[in-house]
Every structure is written in C-alpha cells, then in structure tokens.
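Listed next: structures, encoded as structure tokens.
Two complexes follow with chain A in common, the first pairing it with chain B and the second with chain C.
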Partner chain A sequence: MIRHRTLLRCLCLTLLLALGGCQMKDIDKRYFVVSAGFDYSDNPAAPYRVTLRLALPSSKVEEGGAMSVVQTADAASIAEAVRHLKSTVDKELEFGHCREFILGRKLIEKDGIDNSLQWLSRRRDIQSVSNVMVGDPDAYSVVNLKPKSERYPGNSLFLSFGNEGTEAANTVTTYLFDLYRRVYETGLDPVLPVANVFRDAYKIDRAAVLDKDKTRLFLDPDETLLFNMTAFGVDNTILVLPDKPLNIVLAATHTTSKINLKGGEDPVAVVNVSIEGFLEQSPPHLLEKDWGGLERKMGKHFSEEAERMLYKIRDAGVDPYGFGLHYLADHHNAKGRWEKWKRLYPEIRFEVRANVSIQGSGLIR
Partner chain B sequence: MLEKVKEILGTPSDFTAETMDNGYAKMQICFFPGMCDMDQLKDAIIVPFSYRFDPDEFRRLLHTSIGFMKDVPPEKWVDFLLKGYVIIEYEGEVFLFRAIRRMQTKPDQTQVEASLQGPQSAFTENLDLNLTLVRNLYNIPELAVENFEPQNQSKSKIALLYDRAKRNETTLEEVRKRLRDLDSGLLLSAGQLAKKISQAKYRLFPITQITERPDRLSIHLNKGKLAVLMDGSRFAILLPVHFFDFMYAMDDHYEPSWMSRFLIGLRYVSMMLTLMLPALYISIVSYNPEVFRVQLAFTIDGSRAAVPYPSFIEVLLMLFMIEALIEASLRLPRSVGSTAATVGGLILGQAAQQAGLVSSIMIIVTSVVAISNFVIPNSTFSYFIRILKYAFVIVAVFAGLVGVVVGLFMLVVYLCNMRSFGEPYFALFQSKAGKASDKIQ
Partner chain C sequence: MIRYYYYHIFYVGMMNIMVLVPYVLISHRFDGAVSSFPLAIVFGTVYSYVTSAFFQRFPGLGLPEIYKLFLPVWLANCLNMVGVVIWCTAGIIVLFSYSNTVGIFFDPEASSYLNLAIMAAASLWAASRTSRSVQFTHEVLLIVSTPIILWILFKALFSHWLDWDAIRLVADAGIRKPPSMVCLFAASFVFSGHMNITLFNRLNPKDLKFRLRWTIPIVGTFFLLVSFFVPIGFHGTQAVGNYLYVWSVTTDSLMMKYGFIQRVLYLFLLLYTFLSLVFVMNTWHTGMEFFKACFKKYKPATDEVNVPAINWWICGVLAGLTFVYAYFTNDIFNRVAAELWLVTRFIIESILIVLLLVFLVMKKKGYMKRIDDQHERRSGGASR
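Up next is the complex of A and B:
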C-alpha cells in the first residue's frame, strides 16, 4: 500500500518535467524592452508609430558594450503596433524593465497624450515609476540613439532622470504615476521633460507644460531650472546674479519651496523659496563687504526671474504648480468653486519671496 | 538459584555461574563478567569471602551494606543480571550486588553544539554521570528526578527532570503519561524517544529540542520546563520548546550583548535565505524578472542563455548536488571528507557553470543556501528547514512570486497554530510557568 503511494508520488513528480513545455517563460526567453517611443506617422490609416529598443543581454558588462536593436511598426493604435512588433522578434516582449517612454512632440500636438497614457497605465508589466518624456523632434531619434558611454542598453537615458545618475538641475523628472495623477487631478496640470539628441548624447534641459491633453508651452533651459526650484524644490542647482566683469554664481545645495494662496476675490499666490548654498564664483572679498546685502540682491533677482516665468505659465492657461488644487483645498468646496477659480486664475498675481542664505565662499585651502 | 537462572538464560558463553567453597561455607555466584566491574566485585565479595573470611562479619556485611539488595523476586533476577548486577546465594538467602561497569567516568567534549567560551563538557552515554553534570550546574534542592523504566527490549532507564517550584503540572502529567505508555521495540537514542513522545509524525517543525549541553538543559529547567535524559544516549530532550529557542546558541549567553544580538539577527536572515532563495530564484527568473535591478536581469539573462532547461530543473539539479555533497561528507570518515569537498566545490560548481548546465547566479544561490543552512545552531531544526525549502520550490514552480508569498503566509499561520506540549510554539513572549493552556498536543 505504502509502496503504491510512493510510486504514485514519484509519478506525479516526473510530471514536473513536462512543465518545461508549458507557458513558463524563463528570463532568457524574454526580450527586454529598454525604451519605447510613440510617434505620429502621418498615415491616417496607421497613425501610431511605435519604436522599441530591445536589449541584447550579455553576461559581461563593459563600457560601450551595450548591444541593442531598434524595431519600428506603424498601426492604428499602440496596442496593435506592439502586437505587430511581436511577430518580428523571436522572444516574448517584456516591458518590466522599460523605464523610459518617449512621446513624440508631433504625436502630442496632433493626438494628445491620452491614448498613449491609457495604454501605458493599463499594461500590467509597465512600471509606474517609469519616466515619461517628450521626444523632440520625434521619439524615434531619441530611442534610436546608442550613446557610446552606455554600459548596458537603455541605462544612459534612465540615469539622466531623478537622482539615480546625474542630478542635472534643469531636468524635470516625471514618473508615469505622477503624469497619470496630473492628467486626472482637477487644478493640476502635467509637465514633461523634453529630450532631444545632441551630439551622441541626450539633452534633457527643457520642459513641456501641458493642459490635460496637449502641449501649451515649452520652457527654455533657464525657465526649466526656475520651475524645478520653485515647484519641486530640487537641490543642487545654481543661482546666477549678473555682474561685471563676471557673474556671481551661487551653488545652491538645498532648496525648499512652499506655496500659499492669499486673498479671496483677488488672490495672490505667494511662493516662498529658501535657498542655501555657497558662492562658486565671485570677485574676491565680496562677502566681507556686504554679506546680507548680497543675499538680498540675489533673492530679489531670483524673485523677478521666477515671477516672470510664473506669469508666462499663467498666460499660457496651464497650472503645473497646482495653484487650482491649493485653492480647492483651502476653500469650501461648493459647486461652482472650480468655475470661479477658472475665472480668477488668468488674473492671479504672483509674489515670489526668495530667502537666499549664503553659507560661505566655498572651501578655504 | 543457579538452576533457575540458567533455565531462563541458557548457558551463554559470556556468563559465569559457579559455586564457591572456601572450606567453611559455600556460596553460589553468577554474573556477566563483561558487564561487571571486577574490582568492585573483588573488593566487596571475593576478598571478604576468601582469605579474610569470618562468617559473622560476612553475614553482617551482606545484611547491612547498601550495595546488597535482598528479597528481590526470582522472576526479576535475570533483568538485573542483564544490567550488570551480581547475584549470590549464601546460606539460603539471595543477594543482588550492584557492580555495573561504568564505561564513562568523565564528561564528553561538546561535538554538535560547540561553544567558544562556554562550558566544554557535554553529556555522556551514562545516565548517572549525566545527572551529576546537571546537579553540578543546577544545584538547588528543587531539582526533581523521576525514573522511568519502559518495558521494551532495551529497558534503558529514562529520567525526567524538572524544577519542583516552577514546573507546569499539566505538561508534567502529560509527559509522565507518555513516558509510561512507551510501546515495545528497541529504543536506542534520545532522538527516537523524542519522536515517540511528540507523537504526530508529519509535523513541519520539531516540538522538542535535543541537546548535548548540560548548561542549555539547566537554563531550560530554570524556565520551569522539563527535560528527559535517557541512559545510553549522550543527548537530552528538552520540552516544551518555542520556535525561537532553536535559534539560540549557548554562546549568546556568554558573549557580549551586541555581538550576540547581531548573530541572532544573522541567523534569522540566514534561515530566511536558505528557506526562500531557491524559490525566489525560480519565481523571479520565470515569472517576475522585473523584480531584479536591470543590471542583474541582463547578467542573468546572458548567463542563462546557454542553459538548456527551465529554471526549476536548474535549481533542482543544483540542490540535488549540494544535498548529495552534504550527505556524503557527513557519513564519510574524516580522512576522505576533504576529497568530497574538493570534488563537489571545484568540479561541480565551476564546471557546471562552464558547461552551460546552470547559470553563474545559480552557483551563488546554491552556496548561499548551503552555508546559511549551517548557520542554524540546532541540527534537528536545520534538517526541518532543509526539507521545507523544497515545498517552497514546488510552490514557486507553479505559482511564482505570489505563490511564495502566500506560502510564507501559510507557514506563519501553521506556526501560530502549533503547540509544543500545550505551549504556543510561535509565542514571542514565553509564558510563565503554570500558565500554559490545558490543551496538550
């Protein structure tokens, strides 16, 4: 009896061997997509052009040793294009490690981001912490670039964002979950970094501000820096005070910003920014002469610049700071409140209160 | 007397049965020379009977010395003989003299539960010496010892130890009952006894702890718990125990506090690793490769490219190899043991990867699993963990990462449900003596 049972168990265990033929897709049977770009193809029958960069993994990691292939397909929707791409590769496409999604500039202008966003947020293997950006002039050129310094495919672009690799002061980082939230939140508009190819490297120093669907405004690098500091309190930035013969440059190591809405019928948005840092470039013995005065002068200059940028954003009719959300949160949320805010916003005044504190003039050697 | 004994025993060649005559009186004597201490026998019987013979003195000696037992029923004679007693008949009276040969006279060295700075003496295979060791460390009048002699073929003496002031009556009564009800058959070691008194055969974790250290036993008794010692076994059984007791090495009591805390943490981490790592490898490689960092994913992808079989076959293959290696080196004599390690470590590890049979990460997984398993201080417990990891492997094959998480949850539920002689097995805070629930499992 016992022997029969043991035999039966052994038989069951041998069935495990047959599992090799089942749907088990081991890691080596999957093709890792490392970046994906969506473009507008000018063909009304198949308007979406999907470009995928697929990693060819190797067990050795070395400088410039990243191997990848780029595949493109046009279709009537992103989902169809990806299905179509599957038939051109020999392994299962896996988006689990795809952290960069590039939306072509033209696609957003013609079609908006909604269709792409739907596909991105519905697929189960796409991570919410992926970076989303605008590709200028198109997504294909950004996906297709293979920088020489890359150690493994797709890493270079990924390291450009957040604090993972470089902490560039004028790179806006927008994650997929944040983009989704900003698209569906009342009173908060999405903002996306703009990436373009510049001499065998990526240049991501501008930002696109969108209404809920399409781009309304592109910020230039300086404005993007100001936006980063005032909206996100990004650290490790710089603050420049024009001066002769040489500009005075403050390396800001720590920045915090806080938004306050004041006034009922005539609201004023007060942005409190405090910046700490040390002087990276200045004429000799400048601090000894007038430490406080220099701090105030730098603060005033920053305020003026930031206010100019804020008015520019306001005039474009978008709200990436979430002033509207602040307003709805601060005020009793009766019906018509949002309509009232939409009337008020084009007239809102901004006041940037910058509190610059200079820690010193750098190291003394 | 001699006829009666010979009737039952036959005439084995290692048995001596004679009638001695010193010219004044006769004495019948029988014993197993191999089991008796001849010096004792000579001093206590032979010398007074032969060349210093004085009938009055000899009679007085037999009746007053505590070494001699009188009035033992004839049907018990053979049992005593087989334990190393000497039987004499003098002037129509039968006396039993205890002259058992003691194999061990000093404590053993610790072998299984080595300690760096703690006591180095371990239990021996002699019950009396073991009791001495315990009494030396736990030297208070409350220490109680109860003897049990199961009616089976080995008839090894079993001693139940507890602290009378602290013990839990329900647990004690239950253990007494189980010791009394031991079935027949050979009872050879403490491990076997532990298995018999824990009863349920298919438990996933041990509910008794086996130790060779008198100091561990003393600490256990001091908590109001019980210990069982058995003659002929150099291990004691501790009960009831908790899950967390198994992760203690005795050194934790003797080393600096920070270090021992760190080591305890290390043991728990190791336990989790040895339990989960193969399962995690399968589920991540086959189901959720996005859990890795991208670098690792590409490296594994690259090194797995040459592997012909799915991940779980790879894992089972390597686990089989390492288990075989451990088992082989355990049974091998010391002199050949290093050969096994060389063959296993070098040839299987490196070559299997170069031959493309397994990925390089798998080699690391296998070694971590093997080494972490040895970190667990109790060998019984580490056996249980060793077998349990296969359950996780099977779950991972069929259900991936979700299966592993659900499996871990079920394991915790199972542990919470377990009782060791009435005390909650997974209890973080140990209950005070006498407060355990009445239900005994």
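Up next is the complex of A and C:
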C-alpha cells in the first residue's frame, strides 16, 4: 500500500518537469514596449510607420538612468509593421506594459483613427486604460524623446496623464476604452490630448476634437483648460480674471460640472459648473472688500470664456460633451429624435452657469 | 445551516458573467432586454419560493429520492437523466469559456488545452468528493472571493468613467419594447441559485427553516442590473456590442493605481477562476449524483469516508467530454451553445416547478408511493 502511494507521488512529481514547457517566454527573452507611435509615411505602398520605444531593463532605478531603443518600420498596415519590427530585434515584443499610444497628426488628418483603433482594440495584451494621444507634428518625435527625468523608460509620459504624477490642468486624459466608446457612440465624439516635444520634455497642453474619424478642431491651451473643467470636472485648475496691473488668479481645488438640456423645441444646453478654490494671486484686501462680488465677477468671466469655447466646438460640428447622448437619453425613445437632434445642434444655444466659491484669500502671513 | 442555501444564491448571481448572460442580454439591449428584467425577477423569486418551500417539506431528501416517492422508476430515471444532461453541460460550457478567457488574457502563447487540462483536473477532483466536502469547499472559496468581487463591482459602479447617460438611454429604450424571451431566459439565470437545493437538500437537517428569503430578489436584482448596466456605462451604447468577453474588458477599464498590479483584470480573472471552479464542481457533482441515482442499488450518501470509484469514472468522463467539446467547438459556437443552454435550463426549470407543485398536491392527497424509513434514519444522522 505504502509503495503504491510513493509510486503515485513520484509520478505526480514528474509532472513538474512538464511545467518548463508551458510555452512561456522568460522575461529576459522579452522586449518591453513602453510607448508606440503610429505615423503616416508618404509612401502609398507602405503608408503606416510604426515607431516603438523598447525598454532596456537595468538593475539600477535612478533618475536619468532609463535606457531604451527606438525602432521604426513602414508597412501597409499597423499589424504588418509590428511584425516587420520583430525581425529587427532579438527578443519577443511584449505590449503588456505599453500604456502610451501616439497617433501622428498627419495620420489622423489623412487616414483617420479607425485603422489604428482596430489594431489597438484587438490586441489582447494592450490595456484598456492605455493613454491615447495625438503627436504633433508626428508621433516619431514624441516616441523618440528620452527625457532626462525618467526613472525607468517611458514613465515620464504616462505620469503626465491623469493625476498619477503631475496634475496639469490642461492635459486631457483619454483612455483607450473611452476613445473606443466615443468613436462608436451616437451623440458623443472623441477628444484626444495633443503632445509635442518642447525642449527636453513633453508638452501636452492642447486637445484635438474629432468627429468619428478625423480631427475637426484643435483647442489651444486656454480652451483645453476650460474644456477640462467643464467636461470632466478636473480638479486642481486655475481660473483667471484679467485685471490691472495684475490678473486675479483663483487656484481651483475642486470642480464639478454637469450638463443639462432645457426647453423642448428650442433647447438650451446648460453647463453647471461649480468651482471651489482660494486666491493665488490678487491685489491686497480685494477679497475683504467685496467677497460675493468677486465670486460673481469670476463666475461671469468664466461663463463667457467657456461659452465662446462651446460655440467654437459646436461650429466645428462635433460634440465631445455628449449633449447629443444626453438629449437621446432625455427624449423617451421618440422616433427620429437623432435626426431632430442633428438639426437642432448647429443652432443650439449654450449657457454656462458658473458657481465660483472662494474659500479664502490664500494669505498665510 | 441556512447559510449554505444562500451561498448558492450568491455565487450563481456572480457567476452569470461566465455563462455569457451579460453577452446575451447586451446583444439584445435595444430590443427587449430591459423589459424582460421585471419578468425575470418575478419568475426567479417565485421559483425560489416554490423550491425552498417544497424542499423544506422533504428534509434530507434530494430530488432523485423525491422522484422515487411519487413516480414509477422508469419515469424517475428519465427525469434524472434530463437533470444529468442539463447540469453537466453547464459545467462543460463554463469550463470551456473560462479556459478560453484565461487563454486570451493570461497566456496567449500557451495551448488552450493546457488551461483546460489544469482546470478540468481541478474540477474532476473537486466534483468527485462527497456532497459534504463539496459544500465546504464551496463555502471556503466563496468566502475568499466574494468580498473582492463585490469590491470590484462597486469600484466599477462608482467610477466616474461610468456614463450614466448611456445607461439611461438603454434603460429607457429597452423598457418600452416588448420583453424578449431569450433575455427572460438569460436574465432568470441570475436567480437560479436555488436549483442547487435539488441535490444539497440531502444535507439539510430536519428542522431547517428557510429564513430571510426576501433577500433573494434583492441580491438577484442587484447582480442582474450591475452585470448588464455597468458594461454599457463603460463602453457606451454602441461599442459594448463589439465585445464578447464584455466583463473582462470592463474590468480592464478599471485601474488600481496603487495596487500591486495595476490591471484589475488579472485580479478579476483570478477570482473568477475560483467561481468557475465552484460552478463546475457543483454542476458536475450534482450531475454525478443524479446519474448514480438511476441505479437500483444506489443509496444516497453524503459523508462517505472513501469516495466510491464510480465518482472518479463519471467525472473523468465529463472531463473527457469537455475536451471533445473544446476540440469541436469555437468561440462562436460556444456562444450559441450557451444561449441554447440558458433557454433549455429555463424551460426545464419551469417544468420542474410544475412537477414539484404536483408532488405537493399528491402528498396532500396521500398519493405518496412509499414512506422510506431508511431515509429517515440517514437524514437523522446527517443533521448535526
């Protein structure tokens, strides 16, 4: 009986030998892609240029110690270009750690985002929470940059987004799943951050608003800030009231926004924004003189600026806020409501109701 | 011991994701998925009440023994075989779709049979234990995984990427359409945890009271709404239809910024490994016991010290069938098979409910065939 059992156990142990053959590639036989860029080359036979930044693993983790190589290939499609790239490197490409995808500006203007998006959404090792952005003037320059501040290759770029590293007020964060949803959704259009190289760093302070496929409008940094506050309610932004000799600046610590549609036949799109913060720059004793008045003045100024930006977006024929989706959700499944909305949207009026509340003068001394 | 009953209710509620219930519902999201929800809730609740009320009157008896009380042997055996088929195919479909999901997201380079082999081996071993062991395993795995699964669900529910306009749009568009049958069948699966009582009632002591039954509709409705609406909120009304493993993609859209691993997907799949294992274990075990009950010599036992060899053989055959199924099927066929299974399950469940009501009437009128004193002894021993 005991011999029987021992034999069985030994037999089970031999199964462990099979584990080495689980068709796994070891980590030292993999190249980790940290950012990928897609460009449009002017060659009609191989229009897609894929640029990958591959991390060289190093034992030290220190500022400026990040090593990486950049590889480029042209092909008729992105998938083929990635295959071609594999023949130029000695290890298997691994996309599991790649969270930055940069689409060249020219690619989007000429070819649209659809082909890139198809590849991105079909690759199972690509995370749905990857950041997608537009590279200006091209993706290659953004991928090729190796900032000195990086602790490990590629972290500089993804720390720029969300609130992981810097909380930049005019960086729009678009994840891959959000982009995919916006491309397909009726009444909600995609918006992408625009990254370009500035000295030895990335500058991501503009946004591109797309229709379902191509860019329609580029927002400048100020408009991007307004867009971020009104559409996403991004915290830690600023609010400026022009004044002489010095502008009054409110550091907004907390922002919430909500869209609403009022009126049936002649709707008004209302954006309710409430902004909380403290003054970061103001003439002395301004707040004490007229606290409520200053709040109203700042709110009015913000509303005017935001409305101007909204009209600009409307006139470009895009809807990154999702007013259309909101309209569809409001109007109980009536037939032809989408056609009706398409008629209404170019004529729609906007009203931004800003509720600024100043928490304090910011003075500590 | 009432908690064991609710473990089943709870885990089937969470398990619906792996049986492609959200996929079926979402593919019908504009034509009658939402309007079938109220019906599914009513059906699910009523069925749970009927089964629990019925089995409460027959403590310590599984469905095969009850068949024998009221029906001729040949009919009882036929009904048992129907049970075997419906339970075992559920396990096979889940095992296949799970190993496929793992193959896609965990280790795309490995052969899909490898994942299947590992899972099948685990299921084979787990399902061939005694009913009591199965119940305990179920409890342990569920207690480990439920809190984290609920955490993921709530994390998704309170995420600010969740688009409530899309959810409102689908809810509003769907509720005005006539309910779709397929969606009713799929949605009622969420409530079908009570069906596990057909076997595990053998373990229930005599004085068991089914308390807290009002929680069943609440739990079921919660899981139903979450598993349908959260993916829509994340992927929008249109793009959500492009995904097959819609919940894997949804959890991939969540982030644990300061977690050990950032992708929630891996945590989620790990937890669903547990749940799938529990599901396959329960279904195969039930199927196995139903099959064994067809033989004349068979005496229902729940606490054998040594597992009879027949258990290994039956579960081994089921594991083999899973491989055969995996060889001949693909993703698209599996989708159809899952849908078909959901439909059949509901129909058979409905027939069973009618049958149980008939049995109740027969019992009241005194048509019970024989009082099995042997079972009395056994169930007395089983109740602790």
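Structural remarks
Convention: the second predicted complex is superposed on the first by the 342 of 365 C-alpha atoms of A that agree within 3 Å, B and C clash if a C-alpha of one lies under 4 Å from a C-alpha of the other, contacts with A are read in each partner's own complex, and residues count from 1 in each chain.
In the analysis below, a residue touches a chain if its C-beta (ideal position, glycine included) is under 8 Å from a C-beta of that chain, and two chains touch if they have at least 3 such contacts.
Values in this document were obtained by computation on a predicted structure and should not be read as measured data.
Applying the stated contact rule after C-alpha superposition, one finds that A:Ala329 touches chain C and leaves chain B untouched.
When the shared chain is aligned, chain C comes close enough to touch A:Thr186, but chain B does not. Of the two partner chains, chain B is the only one that A:Tyr152 touches; chain C does not reach it. By the touch criterion stated above, A:Asp28 is placed in contact with chain B alone, chain C being left untouched. Of the two partner chains placed by superposition, only chain C is touched by A:Ser128; chain B is not.
Touch criterion met: A:Tyr175 reaches chain C, while chain B stays clear of it. By the document's definition of touching, neither partner reaches A:Ala45: not chain B, not chain C. When the two complexes are overlaid on their common chain A, residue A:Ser58 makes contact with chain B while staying clear of chain C. In the superposition on chain A, the residues of chain A contacted by chain B and by chain C overlap at 24-25, 125, 127.
Taken together, the chain C residues at the contact with chain A in this complex read 104-105, 107-111, 114, 161, 163, 165-166, 168-169, 172-173, 176, 234-240, 242, 249, 252-255, 257, 262-263.
The touching residues of chain A, when paired with chain B in their complex, are 16-17, 19-20, 24-28, 30, 32, 34, 55, 57-61, 94, 96-97, 99, 125, 127, 152-155, 158. Residue ranges on chain A touching chain C, taken from their complex, read 22-25, 121, 124-125, 127-129, 164, 175, 177-178, 180-186, 188, 322, 325-326, 328-329, 332-333. Contact residues on chain B toward chain A in their complex (touch as defined above): 285-286, 288-290, 294-295, 297-305, 307, 309-313, 360, 397.
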